[in-house]
Amino acid sequence: MEINKERFGVEFIVRDYECDLQGVVNNANYQHYLEHARHEYLFSRGINFVDLHNEGIDLIVTRVEIDYKYPLRSRDRFVVKIDIQREGNARLVFIQDLYRIPDDKLIVQARVTGVATKNGRPVQPGKIISMLGLG
Amino acid sequence: MEINKERFGVEFIVRDYECDLQGVVNNANYQHYLEHARHEYLFSRGINFVDLHNEGIDLIVTRVEIDYKYPLRSRDRFVVKIDIQREGNARLVFIQDLYRIPDDKLIVQARVTGVATKNGRPVQPGKIISMLGLG
Amino acid sequence: MEINKERFGVEFIVRDYECDLQGVVNNANYQHYLEHARHEYLFSRGINFVDLHNEGIDLIVTRVEIDYKYPLRSRDRFVVKIDIQREGNARLVFIQDLYRIPDDKLIVQARVTGVATKNGRPVQPGKIISMLGLG
Amino acid sequence: MEINKERFGVEFIVRDYECDLQGVVNNANYQHYLEHARHEYLFSRGINFVDLHNEGIDLIVTRVEIDYKYPLRSRDRFVVKIDIQREGNARLVFIQDLYRIPDDKLIVQARVTGVATKNGRPVQPGKIISMLGLG
(Lines give C-alpha, C1' and ligand atoms only; values in the text may rest on other atoms or scores of the structure.)
Protein backbone atom coordinates (compact mmCIF):
# COMPACT_ATOMS: atom_id res chain seq x y z
CA MET A 1 0.00 0.00 0.00
CA GLU A 2 1.29 3.39 -0.90
CA ILE A 3 0.79 6.56 1.02
CA ASN A 4 -1.32 9.12 -0.74
CA LYS A 5 0.78 12.20 -0.13
CA GLU A 6 -2.24 14.41 -0.81
CA ARG A 7 -4.17 13.20 2.22
CA PHE A 8 -4.27 15.25 5.39
CA GLY A 9 -1.73 13.98 7.90
CA VAL A 10 -0.52 14.69 11.42
CA GLU A 11 3.01 13.80 12.49
CA PHE A 12 4.00 12.45 15.90
CA ILE A 13 6.98 10.99 17.74
CA VAL A 14 6.48 8.15 20.23
CA ARG A 15 6.97 9.35 23.78
CA ASP A 16 8.46 6.80 26.18
CA TYR A 17 5.51 6.95 28.61
CA GLU A 18 3.30 5.70 25.79
CA CYS A 19 5.16 2.38 25.75
CA ASP A 20 4.18 -0.41 28.10
CA LEU A 21 6.09 -3.25 29.70
CA GLN A 22 6.28 -5.07 26.37
CA GLY A 23 8.49 -2.16 25.23
CA VAL A 24 6.06 -1.08 22.51
CA VAL A 25 3.31 1.53 22.32
CA ASN A 26 0.30 0.33 24.30
CA ASN A 27 -2.71 -0.47 22.11
CA ALA A 28 -4.95 2.11 23.75
CA ASN A 29 -2.55 4.91 22.90
CA TYR A 30 -3.22 4.46 19.19
CA GLN A 31 -6.76 5.62 19.90
CA HIS A 32 -5.26 8.73 21.43
CA TYR A 33 -3.16 9.33 18.32
CA LEU A 34 -6.17 8.73 16.07
CA GLU A 35 -8.36 11.09 18.11
CA HIS A 36 -5.79 13.86 18.10
CA ALA A 37 -5.36 13.48 14.33
CA ARG A 38 -9.14 13.66 13.79
CA HIS A 39 -9.43 16.81 15.88
CA GLU A 40 -6.56 18.39 13.97
CA TYR A 41 -8.22 17.43 10.71
CA LEU A 42 -11.52 18.97 11.81
CA PHE A 43 -9.67 22.08 12.98
CA SER A 44 -8.03 22.40 9.56
CA ARG A 45 -11.56 22.59 8.16
CA GLY A 46 -12.64 25.25 10.65
CA ILE A 47 -14.35 22.87 13.07
CA ASN A 48 -13.31 23.20 16.71
CA PHE A 49 -14.21 20.14 18.79
CA VAL A 50 -14.23 22.04 22.08
CA ASP A 51 -16.17 25.05 20.81
CA LEU A 52 -18.80 22.66 19.46
CA HIS A 53 -18.99 20.96 22.86
CA ASN A 54 -19.50 24.33 24.52
CA GLU A 55 -22.39 25.00 22.10
CA GLY A 56 -24.01 21.70 23.14
CA ILE A 57 -22.93 19.76 20.07
CA ASP A 58 -20.76 16.73 20.67
CA LEU A 59 -19.01 14.64 18.07
CA ILE A 60 -19.25 11.10 19.39
CA VAL A 61 -17.44 7.95 18.30
CA THR A 62 -19.90 5.07 17.94
CA ARG A 63 -17.57 2.40 16.56
CA VAL A 64 -13.87 1.78 16.00
CA GLU A 65 -12.16 -0.96 14.05
CA ILE A 66 -8.40 -1.03 14.40
CA ASP A 67 -5.97 -3.45 12.79
CA TYR A 68 -2.60 -3.51 14.46
CA LYS A 69 -0.04 -4.45 11.81
CA TYR A 70 3.29 -3.69 13.41
CA PRO A 71 4.34 -2.15 16.74
CA LEU A 72 5.84 1.27 17.32
CA ARG A 73 8.75 1.69 19.72
CA SER A 74 10.43 4.47 21.66
CA ARG A 75 11.19 7.56 19.58
CA ASP A 76 9.63 6.17 16.38
CA ARG A 77 8.26 8.93 14.20
CA PHE A 78 4.98 8.38 12.41
CA VAL A 79 2.15 10.07 10.56
CA VAL A 80 -1.61 9.53 10.81
CA LYS A 81 -3.31 10.00 7.43
CA ILE A 82 -7.05 10.75 7.26
CA ASP A 83 -9.88 10.45 4.78
CA ILE A 84 -13.50 11.09 5.60
CA GLN A 85 -16.71 9.70 4.13
CA ARG A 86 -20.42 10.00 4.82
CA GLU A 87 -22.40 6.89 5.71
CA GLY A 88 -26.15 7.34 5.55
CA ASN A 89 -27.58 10.63 6.75
CA ALA A 90 -26.02 10.99 10.13
CA ARG A 91 -22.74 9.09 10.24
CA LEU A 92 -19.23 10.19 9.38
CA VAL A 93 -16.53 7.60 8.80
CA PHE A 94 -12.87 8.44 9.27
CA ILE A 95 -10.42 6.21 7.42
CA GLN A 96 -7.18 6.55 9.32
CA ASP A 97 -3.88 4.89 8.50
CA LEU A 98 -0.76 5.22 10.55
CA TYR A 99 2.65 4.95 8.86
CA ARG A 100 6.11 4.96 10.38
CA ILE A 101 8.46 7.71 9.20
CA PRO A 102 10.61 7.66 7.14
CA ASP A 103 10.11 4.13 5.75
CA ASP A 104 6.30 4.39 5.27
CA LYS A 105 5.79 1.04 7.00
CA LEU A 106 2.07 0.51 7.69
CA ILE A 107 1.56 0.32 11.46
CA VAL A 108 -2.19 0.61 12.05
CA GLN A 109 -5.32 0.80 9.89
CA ALA A 110 -8.44 2.20 11.48
CA ARG A 111 -12.03 2.94 10.60
CA VAL A 112 -13.75 5.22 13.06
CA THR A 113 -17.47 5.97 12.86
CA GLY A 114 -18.95 9.03 14.49
CA VAL A 115 -22.16 10.96 14.84
CA ALA A 116 -23.02 14.41 16.05
CA THR A 117 -25.30 14.77 19.05
CA LYS A 118 -27.04 17.81 20.42
CA ASN A 119 -27.80 17.64 24.12
CA GLY A 120 -27.34 13.89 23.88
CA ARG A 121 -29.53 13.22 20.81
CA PRO A 122 -28.17 12.43 17.32
CA VAL A 123 -28.53 15.28 14.85
CA GLN A 124 -27.73 15.58 11.18
CA PRO A 125 -24.66 17.78 11.22
CA GLY A 126 -25.48 19.79 8.12
CA LYS A 127 -23.05 22.61 8.74
CA ILE A 128 -20.24 20.23 9.67
CA ILE A 129 -20.86 18.10 6.59
CA SER A 130 -20.69 21.16 4.42
CA MET A 131 -17.50 22.41 6.09
CA LEU A 132 -16.00 18.97 5.43
CA GLY A 133 -16.92 19.25 1.77
CA LEU A 134 -19.26 16.24 2.00
CA GLY A 135 -22.54 18.16 1.62
CA MET B 1 -29.45 -8.55 25.89
CA GLU B 2 -29.12 -10.18 29.25
CA ILE B 3 -25.96 -10.56 31.24
CA ASN B 4 -24.83 -14.13 31.62
CA LYS B 5 -23.96 -14.14 35.27
CA GLU B 6 -21.78 -17.21 34.78
CA ARG B 7 -19.25 -15.39 32.60
CA PHE B 8 -16.02 -14.18 34.06
CA GLY B 9 -16.23 -10.50 34.97
CA VAL B 10 -14.07 -7.74 36.41
CA GLU B 11 -15.63 -4.80 38.24
CA PHE B 12 -14.44 -1.21 38.04
CA ILE B 13 -15.44 2.28 39.10
CA VAL B 14 -14.84 5.24 36.77
CA ARG B 15 -12.03 7.45 38.05
CA ASP B 16 -12.40 11.16 37.31
CA TYR B 17 -9.10 11.39 35.41
CA GLU B 18 -10.48 8.89 32.91
CA CYS B 19 -13.13 11.43 31.83
CA ASP B 20 -12.34 14.02 29.19
CA LEU B 21 -13.62 17.50 28.52
CA GLN B 22 -16.93 16.10 27.26
CA GLY B 23 -17.48 14.94 30.86
CA VAL B 24 -17.55 11.25 29.89
CA VAL B 25 -14.96 8.48 29.85
CA ASN B 26 -12.57 9.04 26.94
CA ASN B 27 -12.91 6.38 24.23
CA ALA B 28 -9.32 5.17 24.55
CA ASN B 29 -9.79 4.36 28.22
CA TYR B 30 -12.23 1.59 27.34
CA GLN B 31 -9.30 -0.20 25.74
CA HIS B 32 -7.52 0.09 29.07
CA TYR B 33 -10.50 -1.41 30.87
CA LEU B 34 -10.77 -4.20 28.29
CA GLU B 35 -7.04 -4.98 28.52
CA HIS B 36 -7.05 -5.10 32.30
CA ALA B 37 -10.08 -7.41 32.24
CA ARG B 38 -8.38 -9.72 29.73
CA HIS B 39 -5.24 -9.93 31.84
CA GLU B 40 -7.31 -10.68 34.94
CA TYR B 41 -9.16 -13.36 33.02
CA LEU B 42 -5.91 -14.94 31.85
CA PHE B 43 -4.55 -14.75 35.39
CA SER B 44 -7.64 -16.55 36.69
CA ARG B 45 -6.66 -19.38 34.35
CA GLY B 46 -3.06 -19.44 35.56
CA ILE B 47 -1.64 -17.36 32.70
CA ASN B 48 0.50 -14.38 33.76
CA PHE B 49 0.93 -11.83 30.98
CA VAL B 50 4.16 -10.42 32.40
CA ASP B 51 5.77 -13.76 33.19
CA LEU B 52 5.05 -14.84 29.61
CA HIS B 53 6.68 -11.64 28.33
CA ASN B 54 9.75 -12.36 30.45
CA GLU B 55 9.91 -15.85 28.85
CA GLY B 56 9.89 -14.24 25.39
CA ILE B 57 6.23 -14.99 24.67
CA ASP B 58 4.02 -11.99 24.02
CA LEU B 59 0.28 -11.96 23.67
CA ILE B 60 -0.42 -9.38 21.00
CA VAL B 61 -3.65 -7.72 19.96
CA THR B 62 -4.01 -7.75 16.18
CA ARG B 63 -7.50 -6.30 15.84
CA VAL B 64 -10.15 -4.57 17.95
CA GLU B 65 -13.74 -3.79 17.11
CA ILE B 66 -15.52 -1.67 19.68
CA ASP B 67 -19.11 -0.45 19.60
CA TYR B 68 -19.77 2.44 21.93
CA LYS B 69 -23.42 2.23 22.99
CA TYR B 70 -23.67 4.64 25.88
CA PRO B 71 -21.17 6.78 27.79
CA LEU B 72 -19.87 6.24 31.31
CA ARG B 73 -19.54 9.18 33.68
CA SER B 74 -17.71 10.02 36.90
CA ARG B 75 -18.06 7.38 39.61
CA ASP B 76 -20.13 5.00 37.45
CA ARG B 77 -19.58 1.39 38.44
CA PHE B 78 -19.37 -1.23 35.71
CA VAL B 79 -18.34 -4.78 34.92
CA VAL B 80 -16.44 -6.15 31.92
CA LYS B 81 -17.67 -9.65 31.01
CA ILE B 82 -15.45 -11.96 28.94
CA ASP B 83 -15.83 -14.99 26.72
CA ILE B 84 -13.03 -16.48 24.67
CA GLN B 85 -13.03 -18.41 21.41
CA ARG B 86 -10.45 -19.88 19.04
CA GLU B 87 -10.31 -18.66 15.47
CA GLY B 88 -8.22 -20.81 13.18
CA ASN B 89 -5.03 -22.30 14.57
CA ALA B 90 -3.32 -19.28 15.99
CA ARG B 91 -5.90 -16.68 16.91
CA LEU B 92 -7.82 -16.13 20.12
CA VAL B 93 -10.90 -13.93 20.13
CA PHE B 94 -12.10 -12.22 23.28
CA ILE B 95 -15.76 -11.26 23.34
CA GLN B 96 -16.00 -8.47 25.88
CA ASP B 97 -19.12 -6.64 26.97
CA LEU B 98 -19.17 -3.80 29.41
CA TYR B 99 -22.28 -3.21 31.56
CA ARG B 100 -23.04 -0.44 34.00
CA ILE B 101 -23.77 -1.48 37.58
CA PRO B 102 -26.37 -1.91 38.99
CA ASP B 103 -28.78 -1.40 36.08
CA ASP B 104 -26.97 -3.74 33.61
CA LYS B 105 -27.12 -1.08 30.88
CA LEU B 106 -24.97 -2.15 27.94
CA ILE B 107 -22.16 0.41 27.52
CA VAL B 108 -19.64 -1.15 25.15
CA GLN B 109 -19.39 -4.30 23.06
CA ALA B 110 -15.95 -5.38 21.92
CA ARG B 111 -14.30 -8.13 19.94
CA VAL B 112 -10.56 -8.32 20.45
CA THR B 113 -8.39 -10.67 18.40
CA GLY B 114 -4.98 -11.72 19.60
CA VAL B 115 -2.11 -14.01 18.77
CA ALA B 116 0.88 -15.27 20.68
CA THR B 117 4.33 -14.39 19.42
CA LYS B 118 7.71 -15.77 20.42
CA ASN B 119 10.57 -13.38 19.84
CA GLY B 120 8.33 -11.48 17.46
CA ARG B 121 7.02 -14.41 15.38
CA PRO B 122 3.51 -15.89 15.71
CA VAL B 123 3.39 -19.25 17.45
CA GLN B 124 0.55 -21.65 18.14
CA PRO B 125 0.04 -21.21 21.84
CA GLY B 126 -0.71 -24.86 22.64
CA LYS B 127 -0.18 -24.61 26.37
CA ILE B 128 -2.17 -21.38 26.65
CA ILE B 129 -5.02 -22.84 24.61
CA SER B 130 -5.13 -25.84 26.86
CA MET B 131 -5.04 -23.69 30.02
CA LEU B 132 -7.98 -21.73 28.60
CA GLY B 133 -9.92 -24.95 28.07
CA LEU B 134 -10.00 -24.43 24.29
CA GLY B 135 -7.62 -27.27 23.39
CA MET C 1 6.88 4.11 59.63
CA GLU C 2 3.71 2.37 60.62
CA ILE C 3 0.41 2.60 58.86
CA ASN C 4 -2.27 4.29 60.90
CA LYS C 5 -5.11 1.88 60.30
CA GLU C 6 -7.63 4.56 61.29
CA ARG C 7 -6.81 6.80 58.32
CA PHE C 8 -9.04 6.82 55.28
CA GLY C 9 -7.64 4.59 52.55
CA VAL C 10 -8.42 3.50 49.01
CA GLU C 11 -7.19 0.16 47.68
CA PHE C 12 -5.96 -0.47 44.15
CA ILE C 13 -4.29 -3.16 42.05
CA VAL C 14 -1.67 -2.19 39.44
CA ARG C 15 -3.04 -2.61 35.93
CA ASP C 16 -0.47 -3.67 33.31
CA TYR C 17 -1.10 -0.63 31.09
CA GLU C 18 0.06 1.57 33.96
CA CYS C 19 3.57 0.10 33.70
CA ASP C 20 6.09 1.55 31.27
CA LEU C 21 9.02 0.07 29.42
CA GLN C 22 11.05 -0.09 32.63
CA GLY C 23 8.49 -2.69 33.78
CA VAL C 24 7.30 -0.55 36.69
CA VAL C 25 4.41 1.85 37.19
CA ASN C 26 5.14 5.08 35.32
CA ASN C 27 5.72 8.04 37.66
CA ALA C 28 2.81 10.05 36.32
CA ASN C 29 0.34 7.30 37.16
CA TYR C 30 0.94 7.82 40.87
CA GLN C 31 -0.67 11.24 40.44
CA HIS C 32 -3.67 9.44 39.00
CA TYR C 33 -3.82 7.13 42.00
CA LEU C 34 -3.44 10.06 44.39
CA GLU C 35 -6.15 12.06 42.62
CA HIS C 36 -8.61 9.18 42.63
CA ALA C 37 -7.96 8.60 46.34
CA ARG C 38 -8.53 12.30 47.11
CA HIS C 39 -11.82 12.33 45.22
CA GLU C 40 -12.95 9.17 47.04
CA TYR C 41 -11.98 10.77 50.34
CA LEU C 42 -13.95 13.91 49.54
CA PHE C 43 -16.91 11.79 48.43
CA SER C 44 -16.81 9.93 51.75
CA ARG C 45 -17.33 13.33 53.38
CA GLY C 46 -20.23 14.23 51.10
CA ILE C 47 -18.22 16.35 48.68
CA ASN C 48 -18.65 15.46 44.99
CA PHE C 49 -15.85 16.83 42.83
CA VAL C 50 -17.95 16.81 39.63
CA ASP C 51 -21.07 18.31 41.20
CA LEU C 52 -18.92 21.12 42.57
CA HIS C 53 -17.45 21.70 39.10
CA ASN C 54 -20.95 21.90 37.65
CA GLU C 55 -21.79 24.56 40.29
CA GLY C 56 -18.78 26.61 39.16
CA ILE C 57 -16.55 25.59 42.07
CA ASP C 58 -13.33 23.83 41.17
CA LEU C 59 -10.90 22.20 43.52
CA ILE C 60 -7.49 22.93 42.02
CA VAL C 61 -4.10 21.45 42.82
CA THR C 62 -1.49 24.20 43.17
CA ARG C 63 1.50 22.14 44.26
CA VAL C 64 2.58 18.52 44.55
CA GLU C 65 5.62 17.04 46.24
CA ILE C 66 6.10 13.34 45.67
CA ASP C 67 8.88 11.13 47.00
CA TYR C 68 9.23 7.88 45.13
CA LYS C 69 10.61 5.31 47.57
CA TYR C 70 10.12 2.01 45.80
CA PRO C 71 8.51 0.97 42.52
CA LEU C 72 5.26 -0.90 42.02
CA ARG C 73 5.03 -3.69 39.47
CA SER C 74 2.34 -5.58 37.56
CA ARG C 75 -0.50 -6.82 39.77
CA ASP C 76 0.88 -5.28 42.98
CA ARG C 77 -1.88 -4.38 45.38
CA PHE C 78 -1.60 -1.15 47.34
CA VAL C 79 -3.48 1.36 49.47
CA VAL C 80 -3.39 5.16 49.40
CA LYS C 81 -3.84 6.60 52.90
CA ILE C 82 -5.00 10.20 53.33
CA ASP C 83 -4.88 12.91 55.98
CA ILE C 84 -5.98 16.47 55.41
CA GLN C 85 -4.87 19.75 56.99
CA ARG C 86 -5.62 23.43 56.57
CA GLU C 87 -2.84 25.80 55.63
CA GLY C 88 -3.70 29.46 56.04
CA ASN C 89 -7.19 30.56 55.15
CA ALA C 90 -7.57 29.15 51.69
CA ARG C 91 -5.33 26.14 51.25
CA LEU C 92 -5.98 22.48 51.96
CA VAL C 93 -3.06 20.06 52.21
CA PHE C 94 -3.50 16.37 51.56
CA ILE C 95 -0.89 14.11 53.15
CA GLN C 96 -0.97 10.96 51.07
CA ASP C 97 1.10 7.83 51.60
CA LEU C 98 0.99 4.82 49.37
CA TYR C 99 1.76 1.37 50.84
CA ARG C 100 2.04 -1.98 49.10
CA ILE C 101 -0.34 -4.70 50.28
CA PRO C 102 0.09 -6.95 52.22
CA ASP C 103 3.60 -6.10 53.44
CA ASP C 104 2.94 -2.39 54.16
CA LYS C 105 6.08 -1.38 52.28
CA LEU C 106 6.16 2.40 51.80
CA ILE C 107 6.06 3.14 48.07
CA VAL C 108 5.31 6.84 47.73
CA GLN C 109 4.90 9.81 50.06
CA ALA C 110 3.06 12.83 48.75
CA ARG C 111 1.98 16.26 49.89
CA VAL C 112 -0.65 17.83 47.66
CA THR C 113 -1.80 21.41 48.14
CA GLY C 114 -5.10 22.60 46.76
CA VAL C 115 -7.40 25.57 46.74
CA ALA C 116 -11.01 26.09 45.78
CA THR C 117 -11.81 28.47 42.96
CA LYS C 118 -15.11 29.93 41.88
CA ASN C 119 -15.26 30.91 38.23
CA GLY C 120 -11.47 30.89 38.23
CA ARG C 121 -10.87 32.97 41.39
CA PRO C 122 -9.72 31.49 44.73
CA VAL C 123 -12.43 31.39 47.37
CA GLN C 124 -12.40 30.36 51.02
CA PRO C 125 -14.24 27.07 50.90
CA GLY C 126 -16.15 27.50 54.16
CA LYS C 127 -18.69 24.78 53.54
CA ILE C 128 -16.07 22.31 52.30
CA ILE C 129 -13.84 23.01 55.29
CA SER C 130 -16.71 22.38 57.60
CA MET C 131 -17.69 19.15 55.81
CA LEU C 132 -14.07 18.01 56.19
CA GLY C 133 -14.22 18.70 59.91
CA LEU C 134 -11.53 21.38 59.67
CA GLY C 135 -13.75 24.38 60.38
CA MET D 1 10.36 35.74 35.02
CA GLU D 2 11.88 35.77 31.62
CA ILE D 3 12.52 32.79 29.44
CA ASN D 4 16.16 32.09 28.82
CA LYS D 5 16.06 31.46 25.09
CA GLU D 6 19.38 29.62 25.31
CA ARG D 7 17.99 26.79 27.42
CA PHE D 8 17.06 23.49 25.80
CA GLY D 9 13.34 23.33 25.12
CA VAL D 10 10.76 20.95 23.71
CA GLU D 11 7.55 22.24 22.14
CA PHE D 12 4.12 20.62 22.46
CA ILE D 13 0.49 21.26 21.66
CA VAL D 14 -2.24 20.18 24.10
CA ARG D 15 -4.18 17.22 22.77
CA ASP D 16 -7.86 17.10 23.73
CA TYR D 17 -7.60 13.70 25.43
CA GLU D 18 -5.12 15.24 27.88
CA CYS D 19 -7.88 17.49 29.26
CA ASP D 20 -10.20 16.26 31.98
CA LEU D 21 -13.76 17.10 32.92
CA GLN D 22 -12.66 20.47 34.30
CA GLY D 23 -11.78 21.35 30.69
CA VAL D 24 -8.08 21.79 31.46
CA VAL D 25 -5.03 19.55 31.17
CA ASN D 26 -5.14 16.97 33.96
CA ASN D 27 -2.37 17.46 36.54
CA ALA D 28 -0.79 14.05 35.93
CA ASN D 29 -0.25 14.83 32.26
CA TYR D 30 2.26 17.54 33.13
CA GLN D 31 4.49 14.77 34.46
CA HIS D 32 4.19 13.13 31.05
CA TYR D 33 5.23 16.36 29.34
CA LEU D 34 8.12 16.81 31.78
CA GLU D 35 9.30 13.21 31.29
CA HIS D 36 9.19 13.45 27.51
CA ALA D 37 11.14 16.73 27.64
CA ARG D 38 13.79 15.17 29.90
CA HIS D 39 14.21 12.19 27.60
CA GLU D 40 14.55 14.51 24.61
CA TYR D 41 17.11 16.56 26.50
CA LEU D 42 19.12 13.44 27.37
CA PHE D 43 18.86 12.27 23.77
CA SER D 44 20.22 15.62 22.56
CA ARG D 45 23.29 14.85 24.69
CA GLY D 46 23.67 11.35 23.27
CA ILE D 47 21.94 9.54 26.13
CA ASN D 48 19.18 7.12 25.11
CA PHE D 49 16.86 6.27 27.99
CA VAL D 50 15.74 2.96 26.45
CA ASP D 51 19.20 1.81 25.39
CA LEU D 52 20.40 2.45 28.94
CA HIS D 53 17.50 0.39 30.29
CA ASN D 54 18.43 -2.46 27.97
CA GLU D 55 21.99 -2.29 29.36
CA GLY D 56 20.62 -2.65 32.91
CA ILE D 57 20.97 1.03 33.79
CA ASP D 58 17.78 2.83 34.74
CA LEU D 59 17.36 6.52 35.30
CA ILE D 60 14.89 6.76 38.16
CA VAL D 61 12.93 9.73 39.47
CA THR D 62 13.14 9.89 43.25
CA ARG D 63 11.32 13.16 43.89
CA VAL D 64 9.20 15.68 42.05
CA GLU D 65 8.05 19.12 43.13
CA ILE D 66 5.59 20.77 40.79
CA ASP D 67 3.97 24.17 41.16
CA TYR D 68 0.88 24.60 39.02
CA LYS D 69 0.61 28.31 38.21
CA TYR D 70 -1.98 28.43 35.46
CA PRO D 71 -3.93 25.81 33.52
CA LEU D 72 -3.47 24.78 29.90
CA ARG D 73 -6.49 24.22 27.68
CA SER D 74 -7.32 22.49 24.42
CA ARG D 75 -4.90 23.29 21.59
CA ASP D 76 -2.64 25.51 23.73
CA ARG D 77 0.93 25.44 22.52
CA PHE D 78 3.73 25.38 25.08
CA VAL D 79 7.41 24.74 25.60
CA VAL D 80 9.19 22.87 28.40
CA LYS D 81 12.55 24.43 29.20
CA ILE D 82 15.24 22.40 31.00
CA ASP D 83 18.32 23.01 33.09
CA ILE D 84 20.24 20.30 34.87
CA GLN D 85 22.39 20.35 38.01
CA ARG D 86 24.26 17.84 40.13
CA GLU D 87 23.30 17.37 43.75
CA GLY D 88 25.82 15.44 45.81
CA ASN D 89 27.56 12.52 44.13
CA ALA D 90 24.67 10.55 42.79
CA ARG D 91 21.73 12.84 42.17
CA LEU D 92 20.77 14.85 39.10
CA VAL D 93 18.26 17.66 39.40
CA PHE D 94 16.22 18.81 36.43
CA ILE D 95 14.84 22.34 36.65
CA GLN D 96 11.89 22.37 34.28
CA ASP D 97 9.65 25.31 33.49
CA LEU D 98 6.68 25.16 31.20
CA TYR D 99 5.62 28.29 29.30
CA ARG D 100 2.64 28.85 27.05
CA ILE D 101 3.36 29.88 23.47
CA PRO D 102 3.40 32.59 22.20
CA ASP D 103 2.81 34.77 25.28
CA ASP D 104 5.48 33.12 27.52
CA LYS D 105 3.00 32.81 30.37
CA LEU D 106 4.48 30.63 33.12
CA ILE D 107 2.29 27.53 33.50
CA VAL D 108 4.26 25.08 35.63
CA GLN D 109 7.54 25.08 37.52
CA ALA D 110 9.08 21.75 38.39
CA ARG D 111 12.13 20.34 40.12
CA VAL D 112 12.72 16.68 39.37
CA THR D 113 15.41 14.69 41.16
CA GLY D 114 16.76 11.49 39.70
CA VAL D 115 19.41 8.88 40.23
CA ALA D 116 20.89 6.16 38.07
CA THR D 117 20.50 2.56 39.18
CA LYS D 118 22.19 -0.56 37.89
CA ASN D 119 20.19 -3.72 38.42
CA GLY D 120 18.18 -1.85 41.04
CA ARG D 121 21.08 -0.33 43.02
CA PRO D 122 22.11 3.36 42.85
CA VAL D 123 25.32 3.98 40.94
CA GLN D 124 27.33 7.11 40.30
CA PRO D 125 26.62 7.76 36.65
CA GLY D 126 30.09 8.96 35.69
CA LYS D 127 29.67 8.61 31.96
CA ILE D 128 26.23 10.22 31.99
CA ILE D 129 27.48 13.12 34.11
CA SER D 130 30.29 13.70 31.70
CA MET D 131 27.98 13.53 28.66
CA LEU D 132 25.78 16.12 30.37
CA GLY D 133 28.78 18.39 30.84
CA LEU D 134 28.50 18.20 34.63
CA GLY D 135 31.64 16.12 35.28
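Chains: A, B, C and D, in written order; residue numbering restarts at 1 for each.
In this text, a contact is a pair of C-beta atoms (placed from the backbone, for glycine too) under 8 Å apart; a residue touches a chain by one contact, two chains touch by 3 or more.
Since the model is a prediction, treat every value here as computed from it, not as a measurement.
**Q** Treat each pair of touching chains as one step and give the shortest count from subunit B to subunit D.
**A** The distance in steps between these two chains is 1.
**Q** Out of B-C and C-D, which chain pair has the most contact pairs?
**A** Most contacts of the two pairs: C-D.
**Q** Please report how many Å separate the Cα centroid of subunit C from that of subunit D, as a whole number.
**A** 23
**Q** Cα centroid separation between subunit A and subunit C, in whole Å?
**A** Result: the chain centres lie 33 Å from each other.
**Q** Which integer distance in Å separates the CA centroid of subunit B from that of subunit C?
**A** A distance of 28 Å separates the two centres.
**Q** In subunit D, which residues are in touch with two or more of the other chains?
**A** 16-17, 21, 23, 26, 28, 32, 35, 50, 74
**Q** Touching subunit B in the complex: which residues of subunit D?
**A** 16-17, 19-21, 23, 26, 28, 74
**Q** What part of subunit C is in contact with subunit D in the complex they form?
**A** 21-22, 26-29, 31-32, 35, 50, 53, 58, 60-68, 71
**Q** Using the touch rule from the top, collect the residues of subunit D that touch subunit A in their complex.
**A** Within the complex, subunit D touches subunit A at residues 15-17, 23, 32, 35-36, 39, 43, 48-50, 73-75.
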